[in-house]
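Here it is, the structure, as structure tokens.
Should a chain be cited, it is by its letter among A, B, C, D and E, assigned in written order, with residues numbered from 1 in that chain.
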Amino acid sequence: MVREGNVVQTIFQQIINGLSLGSIYALLALGYTMVYGIIKLINFAHGDIYMLGAFWGYYVINVWHFNFISALLSAMVVGAVSGVIIEYFAYRPLRHSPRIAALITAIGVSFLLENGMSYLFSSNTRDFPQIIKQVNYNIGGVLISNIQVLILVTACILMILLQVIIKKTKMGRAMRAVSVDPDAAELVGININWTISFTFALGSALAGAAGVLIGLYYNSIDPLMGMTPGIKAFVAAVLGGIGSVPGASVGGFLIGILETFFQSIGLSAYKDAVVYFVLIVILLIMPAGIFGKNAKEKV
Amino acid sequence: MILQVKDLIVNYGVINAVKGVNFNINEGEIVSLIGANGAGKTTILKTISGLLKPKSGKIIYEGKAIQQQKAPKLVKAGISQVPEGRHIFSGLSVMENLQMGAFLIKDHQKIKQNFSEVFERFPILKQRARQDAATLSGGEQQMLAMGRALMANPKLILLDEPSMGLAPIFINEIFDIIKEINKHGTTVLLIEQNAKKALSISDRGYVLSTGKVQLSGSGTDLLANKEVQKAYLGG
Amino acid sequence: KTQTAGNNQTGNTIKIGVNMELSGAAAGYGNSQKQGIQLAAQEINKDGGINVNGKKKKIKLIIKDNKTSTTTSASVAAQLVNNDKVAAIVGPATTNAGTAEIPNITKAAVPSVSPSATDPNYTKQKNGKVQPYVFRACYQNNFQGGTAAKFMTNTLKAKRVAVFADNSSDYGTGLAKAFKKSFKGTIVDSQSFSEGDKDFNAVLTSFKSKKIDAIYVPGYYTEVGLIIKQARQNGINVPIVGSDGMADPKLAQIAGNKNASKIYYTTPFSDDVAKSNPTAVKFMNAYKAKYHADAPTFSALAYDSVYMIKSAIESEKSADSIKITKGLSKIKNFDGVTGTITINKNHDPEKPIAIEQLTNGKVSNSFNIK
Amino acid sequence: MTSLLQVDNLVKNFGGLTAVSDVSLHLNNNELVALIGPNGAGKTTLFNLLTGVIPATSGSIVLKGTNGTFALNDKKAYQIAKLGLSRTFQNIRLFKNLSVIDNVLIAMTSRYKEGFLSSIFRLPNYYKTEQRVTEDAKKLLALFELEDQTDVLAKNLPYGTQRRLEIVRALATKPQILFLDEPAAGMNPEETANLTQLILKVQHRFHITILLIEHDMSLVMNLAERIYVLDHGSLLAEGNPDEIKSNPKVIKAYLGEGE
Amino acid sequence: MKANFKYNIIWLIIMISGFYLMNTLILIGVINAFIENMLVTIGINIILATGLNLIIGFAGQFSLGHAGFMAIGAYATAIITQTATTPAGFYLSIVIGIVVSILVALIVGIPTLRLRGDYLAIATMGAAEIIRIIINNMKITGGAAGIFNIPQLASWPTVYTMVCVTTIIIVNFIHSRGGRAVTSVREDEIAAEAMGINVFKWKLAAFTLGAATAAVAGSLHASFLQTISPNDFGIMESISILIIVVLGGVGSITGTFVAAAVLGVLDTVLQDFGALRMVIYAAALILIMIFKPSGLLGTWELSIKRCFKRFGRKERVKQ
């Protein structure tokens, strides 16, 4: 089994592992960052919208025999719609309340989705229908699967797309304006509710898509599946500088790579601890994350 | 008559801030609202621009009752406000702030033209075009707020203490700019602590006290009024 | 007022409490167990109930959720024994929640049978004596881990083994510890994962470069299924050996049938054993009829727990909690779904253990380990 | 004559922008000095440097106070405050959700000790100190006609009163030098006249030095003994009100023609 | 002076009579082991949440790692009372838990308290997770299995006393010079600095005091429950303490008491609902926050002094 080049191969394989894990975190972190960017709310329920997307994909593929693309697109719609509904009922009434109150509702919504789904459809783990057959490519001994590539590419495309939307389009500017001063935004003609709904729709659509992609990749879904990656993705968003689209991606990839690295050197028991440690160290050097603007108040 | 305010009552919770105010503005006029701190001037302005909903009363703009309309609709209809405390978008550059002002304008040519007009009036904004608006000095922010409102091509502009925090040399300039904006066809509703200056450029003025109109008249009449002089003109 | 020892059962029903993980991290396993418990109670009641000294009494289940929390488990136990005055308790599913209920049930002298608390010391007091009111229906870790170690050496002839354990519960860590203690070959590498993890590629890649003969993966099917899948996709084709937490039809579904080959796990309850065990056949058919799915091990263990209580009541001819305790500790050659059970002096069940092998997702072989 | 505060060659850069460039000035004991200049000249930035809110790029600030001589450059804001430099803010920064008296009491905290144990166990010492400082605070508030408002939340005060409270709060730290950043902004002429009297009262009663930024020339010319004019970060002129009023450079850059 | 003394005596009487009331109720069997269990849990949650309320509600620092400090206390007690199975051993373990948690709070707080808002929340959450993971992998802590068969040296009187003591300490701190300094930090850091307040020092003071009380709660938890495991001190535990604080009203200690009690009762009532329990709990959480965004009591505080004054006023009105 021991061959020449084994070490190099292993290193490359680990890089691939890190990137594909990172792309998953990045995909989720993007949604967090969007929502946080506009209403400064840690949308705890984001991970659970991802779960809804996965369950939707599971259902439509198994029952209505959707193909991959239509499952993915419809999951995005489902994600978007549920995001908008959650915003409308749970967050909008609290828009002028202390932020911490909205955070608690967000936690409540997260619990509600997790446990509501468990209650309605049981908390069992299910296998996600393998609608795209996984194919492994062997590149000089380094294995990479088509689904890994798919997720990686999707994450990158979405990242660029979002960055363009936020920086270059009118809607993006409106989103930024609403986030800094809602009153003034209204005074220049921006419909705040619409803008916030749009942001939620966009962020949640990403989560919906992630649900299908990740369901397909890992082949296992359950109602609590959003919890752990949800928190990790949020950490990624913070690490990258929450509110920043490139930050979310970089944060996601960084965490994926760090986790992989520490596991590969035998620290699997401490992988999360080390990631948090690195997070804290980075925040000490860059208090607003890697891409975050450390907007000091002008006195 | 471009704007008519009838029996306007506005509350903050249980606090009654505006207690039945009536006034009107004709097209092409400059009208001033003056009054002490807490008289309710800002509240009236916010109600006109749609940020606050009145308890009762009517606001009629170009013949239509607008008191239930939301701010974005009214911007589209031609009402722009320069809010008290400036409320510029920090984190966005000066340039982007101005772009936001033209949010509802679709015509790119028009936007370009507005840009050049604003930069002509406020050359300092051009110098600082790429700077984060949050780091501008107080006066610069005031200009930016004004420039942003002008980007929307308003028919009626509502100015809430535009001279606050400005250097004397600039106060004169601001009032010149207001006159000029007015000359180009924009109707102006002006709130000022600097009542002397405000009334001297106004066609008409209203004096507000604790939520009610106390006095009204032409700018020159009010300037000559003894009571007004004593209370608001410093002697 | 001094507590009169034990809960007496008057009236026509016997109250059995269920202190179970119905929400929280272990909800999946807890709900499986609840199904097994309900199935058993339903069957018994359909038969008229438990025969207490000639009089048939029906079981009344009082099911409460401990949300996989020690604090809540203690509270649930206190409520069951003090307010509901149950005669015995089934549960909890996890060792942590299980140990949390011990003070309260001991004070009230009410026995509890846990279907799946596996820590070796669960049934022991600090001084090494047995906990008087604590019983379980599953193997303790040392037994299962030791069996797996023996099997690796004797049957698989594995010399170099990697351990990959779930270290978010005592189950995985306990088994790993027991395995390492009794394995004779070399432990090449020992890594761990946590409940809820989905990506194991990093560790598997590092295993791959280390020339191993087998992997030991003590954990639950939710994660181990994914480990199998990712190992095979990474080109690791060595045998993967685990424990009864894997004994669930979902394992192969998650791993994918084609990946689920050369998979072994220790189990008390298997298709193969079942064929020769009429109690098991009956259980599996009844389970399928009621829940439209294959019975998982957790349900079988919970089902047995209820019947163990029934047998204790019937042999002692009383449904008083102290009597039930006595009856439980005397169980011998009890004919359970998970084998013929004898409760030893440590309140651990002695029952045969089997190792099942999966090939293409199906049980292809089973080994009886002596 | 040694001055109370001596500032030499002070510089502050924000990235490429030099907001304060090579400013030297001094404040004498019990003097009332005004700092004026066009918008964006760097006045507030200079205040921020002097009070330690932001660090200077270079230059020196030396305080020769009653307790000795200190270089303030590398001191933190709270240390500078303890040394006797206190300020108000251009945008009011009261403790909005706290009562008027709490605002004052907080400013007094650096002036007394209470002891963790004596406050936790409510030893007699605790009550004595509390009573003493509360009385001090009330006295101070009474001086500014705020004694009826002690329990009102700061955010519920009218704007002008908030400005007044900010001054009281700054005074509660027992400063040697008080910095006022546009105290009359948003006030009408009558209120400005009242404020002028108030500032004079503060100067005389507390024997402190005051440096104030203001765009309202009626106030500046009435109050200031000396005026510094800042433009584009550097000193443009210095002098008494009459000199400044007639300085052509100041007229061109700041005052403007007319009036 | 005299008046202050009077109010303190009244509080003392309330606390002592509360104790005897409970004692009697237990003796006559109104409070059985189950209710006692519930009350103890509520008491421990009160200690945890008042400490967190000090950090979040009064110092304005969003800490999401409270369970980490609780873990330190719990493990200190579990480990020490294994060998020193005496009340003295138990109290020693509380002290050691406090000392260790203060040390850790300093190590965690000195770097992280420079962060703002949600960044601080994530950093403290991370710190607590690091603590938990280290515990999860140590031998002396029993790893993932935790420690069980911990001798029960804390019963309800201990918990009751500790609730009183920690509350007195925190409330008295809030109403002292330090408390005012801490509150000013919450309101406006820049203004506070300008008033001569060492913002960082006071943040750290509130953070360590909160951590120390959390350690006490952990000790009580371990000794009362007799079993602990790393999973008891995860992110979800920190969140559930946060929920108590926010539900009661950020900045209201009275609110914390009320919320801890309400949630404690709700939690036991919901035990019967199985899988539906968390659904109901979540719905309740959302509804309460929507209809009472500032928490059940907002920033309202029960004050004997005020009661007296109001009562006095009514009397006068009657005359």
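Keep this in mind: a contact is a pair of C-beta atoms (placed from the backbone, for glycine too) under 8 Å apart; a residue touches a chain by one contact, two chains touch by 3 or more.
Chains and their UniProt names: A, E = Branched-chain amino acid ABC transporter, permease protein; B, D = ABC transporter, ATP-binding protein.
Note that this is a predicted model, so its numbers are computed, not measured.
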>> Going by the touch criterion stated earlier, list every chain that contacts subunit A and also contacts subunit B.
In response: D
> Using mean CA coordinates as chain centres, what's the subunit B-subunit C distance in Å?
Replying inline: 74
>> Need the CA-centroid distance for the pair subunit A / subunit E, whole Å please.
In response: 33
> Just how far, in Å, is the C-alpha centre of subunit E from the one of subunit B?
Replying inline: 51
>> Taking the mean of the C-alpha atoms as each chain's centre, how many Å separate subunit D from subunit E?
In response: 41
>> If a residue has to touch 2 or more other chains to count, which residues of subunit C qualify?
In response: 23, 25, 27, 31, 167
> Which residue numbers or ranges of subunit E touch two or more of the other chains?
Replying inline: 136-137, 190, 275, 277-278
> Can you list the residues of subunit A that touch 2 or more other chains?
Replying inline: 115, 118, 123, 269, 272, 299
> For each chain, which other chains does it touch, given as pairs?
Replying inline: A-B, A-C, A-D, A-E, B-D, C-E, D-E
> Can you list the residues on subunit C that touch subunit A in the complex?
Replying inline: 23, 25, 27-28, 31, 167, 189, 191-194, 196-199, 201-203, 205-206, 208-209, 211, 221-222, 225-226, 229, 233-235, 250, 253-254, 256
> Which part of subunit A faces subunit D closely enough to touch in the complex?
Replying inline: 299
>> For a test of understanding, state which residues of subunit D touch subunit B in their complex under the given definition.
In response: 14, 36-41, 44, 90, 158-160, 182, 185-193, 215, 217-218, 253-256, 258-259
> Quick one: in the complex, what on subunit E touches subunit C?
Replying inline: 27-29, 32-34, 36-38, 41, 82, 136-137, 143-146, 148-149, 151-152, 221, 225-229, 231-232, 267-268, 270-275, 277-278
>> If we count contacts the way the header does, which residues on subunit B are in touch with subunit A in the complex?
In response: 49-51, 70-72, 75-76, 80-81, 83, 87-92, 96, 99-101, 103-104, 134-135, 148-149, 152
